[in-house]
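Note that chain A is present in both complexes that follow, paired respectively with chain B and with chain C.
Moving on to the complex of A and B:
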């Protein structure tokens, strides 16, 4: 580990004390911590030494890494990210081949039990895990090996968190998420395709400040970022309430910024911070740019009936189901009618006449 | 099962199965009734059958004074729950999207705040309907399991819809899944309970009105 503390490093980089405190306040507020905890965040971050981070990329598209590295440099979040010791990340590191694997082994040995493991991408289990390998080691084997010495695991992106795109039907590689494999380590899921950069740095900052992972929901997502759905925080919500919807992407409603529900927006069932944290230095976010939320931070989002199918619509065509069922109903109804008629005529034909005499006999 | 998986099932196979049972079952029931037929009436008509039938379909929407005076509360409550149910079903934006998908045309939605309020009123009205039923000795005696099943499967979609919209009891995704499942339960059960009246009411009224109209009497 580097001997310099985080605050010393930041000062070296020319970040003022005031700038640092502002960052702490922003981080505290982002994590929904009370103001009273800002000094605690500052104190903890000041003293924090660079934790060793090993970043493993499995079945992924590097979009998660892109998301992080494209985050508006040189921001304080960026600096924080500089100040973790990213000991292994095969997209970002200079070393390659054996040297890279050696760096990983070295970091693991040196910080055994203390390092943070960040994973992006899902893990294929099909064909004995041979669908994806790095340096001849299958993803499954590498994950198990590195997870063993990790203090905690951060599953970055929907693939690592829930299987994501590789797991989408028909899941040819037998892809699974990290938590399907690793059961004995604290895991935090930071889903999204890709996830919001500040959410990743927020989780890391929380780990640095409190030495533990933030409070998680039932899907192991940090509650502070994934506690509310997009719909509840959407600035287009008033139009939903008034029943004003865009019908196409270029109609009057779309131009007026009406609700995108009819165009398939998954905001109501998607829990993420896009509407508040936004993207590209707070510039915009999908719904603001005129496209509905596709629910990328939810498990199984790829197989949820299509991005442009309204949430209140079933997956299949209703008209077709009605016609098929209608034909079946008419056939069965006609058969039932014939059967009923037969029962009736049988009853008429086999009716035994009862006379007064018969009735008298009975009594 | 995770809420997302449940929702996917409810929007996928669940909905297909339920809708198929609803459409096929409803047609089966209606065709069975129609196929009963009626014996030819050889007497000369004293009035118009079709006129009587059509009129009765409409006039039975209105209460009769003698009946109304006996139990005004129950009659009014009946209107509240039917109209309330119609408003939340047909005038809520996301519901209209569904109807539009197979009808090919839509209509304007009411603000969701109004739907929310009407939904709440409908729930209260449904509870009142049960209380009134249980408090009336004759009605209670006449009630079978069918009546209570119909009440439960009608209440559930309204209740879960209300809870989902207001983020109560369970997270939205789970409540939405439960809402869809409750609608599917209603679809499956409807053809085999007295809920068939959603279609057969017109047939029954037509039949009675026709008979009366043909004889030149009021139905």
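Moving on to the complex of A and C:
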């Protein structure tokens, strides 16, 4: 059974060659590959063998696993997950206790040097790593042990990729990301709080298809999904270009679907695929539902100064901006100051129920 | 699909200006048609890779209209293939066995790939028919 290729496995399940081509088209789309590469995906998947995957969960909320198991193309993701051998995932596996740990050890021994390690959650270094442990083994120790025999590591979620919420100031557990600890293995970061399910599966599908990790950017993110920022792919971008902004969450601009930049949208500085991949069975995504992007796939988003503060606004107030603006930044600082004043006065004039000020709870 | 449909939510339109994202795609299709006519080279556009609102999709489909051919393929869930009012421009939508959309493509070709019989199936057919006649 383990030696079957993916196409043989699908054929065994009654999926025809046309069905296989359709599967390849959908997989290529999920991997954000151009349609011209569909025949190459088909040729690679014809020969793909079943890889072993060990999934370790550390300081996390299980949101990443929830995201994946509630993805909106269940049959496609199901087929991929049926094809990989998920040998250890302590939330999803039936075994528990010693039996679960033995499954992990067996998989490591059998596939040493070849298995894919998926990690969600950050790793606490404080108190000798004793803030979090599984089966009496600290997260730090388990990560080092399992990473040693891995072919590659996928850090799923912002916690594993960049430290995430556990790392938020004052970082009581001394949380760090996977790449802070493991320096000698190929690592791909799939950030997001949680990450988009099709992006997680897309990376696994890429490994399955081509036997290697996809091309990465400077933050080790797959370029196909994180190559463009939210702002550039946002359907509300034309409103930004026309200078049409929502000033409060219930003004006329908000009702007409105008740009949420002034309400703190972090789309211009956030690289992710939400605008095209969407969420909840493809229903919508944060900006489409009327809330700005909070930048959850960026390093340090948790301490970035407020979800409802416009990117061009100063952290404190106008006076400080002028003081801190360097020579090159003076024009920006001045523009921000005008915007700051205008936002505040408009918000007072147009106030209906909620303003940025209310949300920030500032004096 | 879900209980959301039961909630009486009125979604206001994006205004008379729309977002204009359908127009560049229609021009891309026009260029692909010219290429198909002059060199025979087909083009496939993945609709899920483009930042489209429902408004954009509606406008795209409205502009392309309905053509002469409609086909349904049942393989790993239903797929629908429709030629638009512009011959050579096809809308191909793939769904999973639960009838949820997996992917959607605009194919600019003389015949979409999914409708052609794979060569391996033809070879298998010859063997299967021969076996049936022999038996």
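Following the convention adopted for this analysis, the second predicted complex is superposed on the first by the 298 of 363 C-alpha atoms of A that agree within 3 Å, B and C clash if a C-alpha of one lies under 4 Å from a C-alpha of the other, contacts with A are read in each partner's own complex, and residues count from 1 in each chain.
The rule we apply is simple: a contact is a pair of C-beta atoms (placed from the backbone, for glycine too) under 8 Å apart; a residue touches a chain by one contact, two chains touch by 3 or more.
The structure displayed is predicted, hence computed values, not measured ones.
Trainee: Does chain B (first) or chain C (second) touch A:110, or do both, or does neither?
Mentor: In the superposition, A:110 contacts neither chain B nor chain C.
Trainee: With the two complexes superposed on chain A, say which partner A:243 touches: chain B (first), chain C (second), both, or neither.
Mentor: Only chain B is touched by A:243; chain C is not.
Trainee: Quick one: classify A:17 as touching chain B (first), chain C (second), both or neither.
Mentor: Touch status of A:17: second partner only.
Trainee: Can A:312 be said to touch chain B (first), chain C (second), both, or neither?
Mentor: first
Trainee: From the superposed pair, tell me which chain A residues show up as contacts to chain B and also as contacts to chain C.
Mentor: Shared contact residues on chain A: 242.
Trainee: In their shared complex, at which residues does chain B touch chain A?
Mentor: Within the complex, chain B contacts chain A at residues 2, 4-5, 7-8, 11-12, 15-16, 19-32, 34-36, 93-95, 97-98, 101-102, 108-113, 167, 172-173, 176.
Trainee: So in the complex, which bits of chain A are touching chain B?
Mentor: Listed in rising order, the residues are 219, 229, 231-232, 240-243, 245, 261-262, 268-269, 298-301, 303-305, 310-319, 321-322, 324-326, 328-330, 332-334, 336-337, 340-341.
Trainee: Residues of chain A touching chain C in their complex?
Mentor: Spelled out, the residues of chain A in touch with chain C are 10, 15-23, 25-26, 28-30, 32, 34-36, 38, 72-76, 233-239, 242, 255-257, 275-277, 281-283, 288.
Trainee: Would you pull the chain C residues touching chain A in the complex into a rising list?
Mentor: Residues 1-2, 4, 12-15, 17, 19-21, 44-46, 48-53, 56, 73, 75-77, 79, 94, 96-98, 100-103, 105, 113-114, 118, 120-121.
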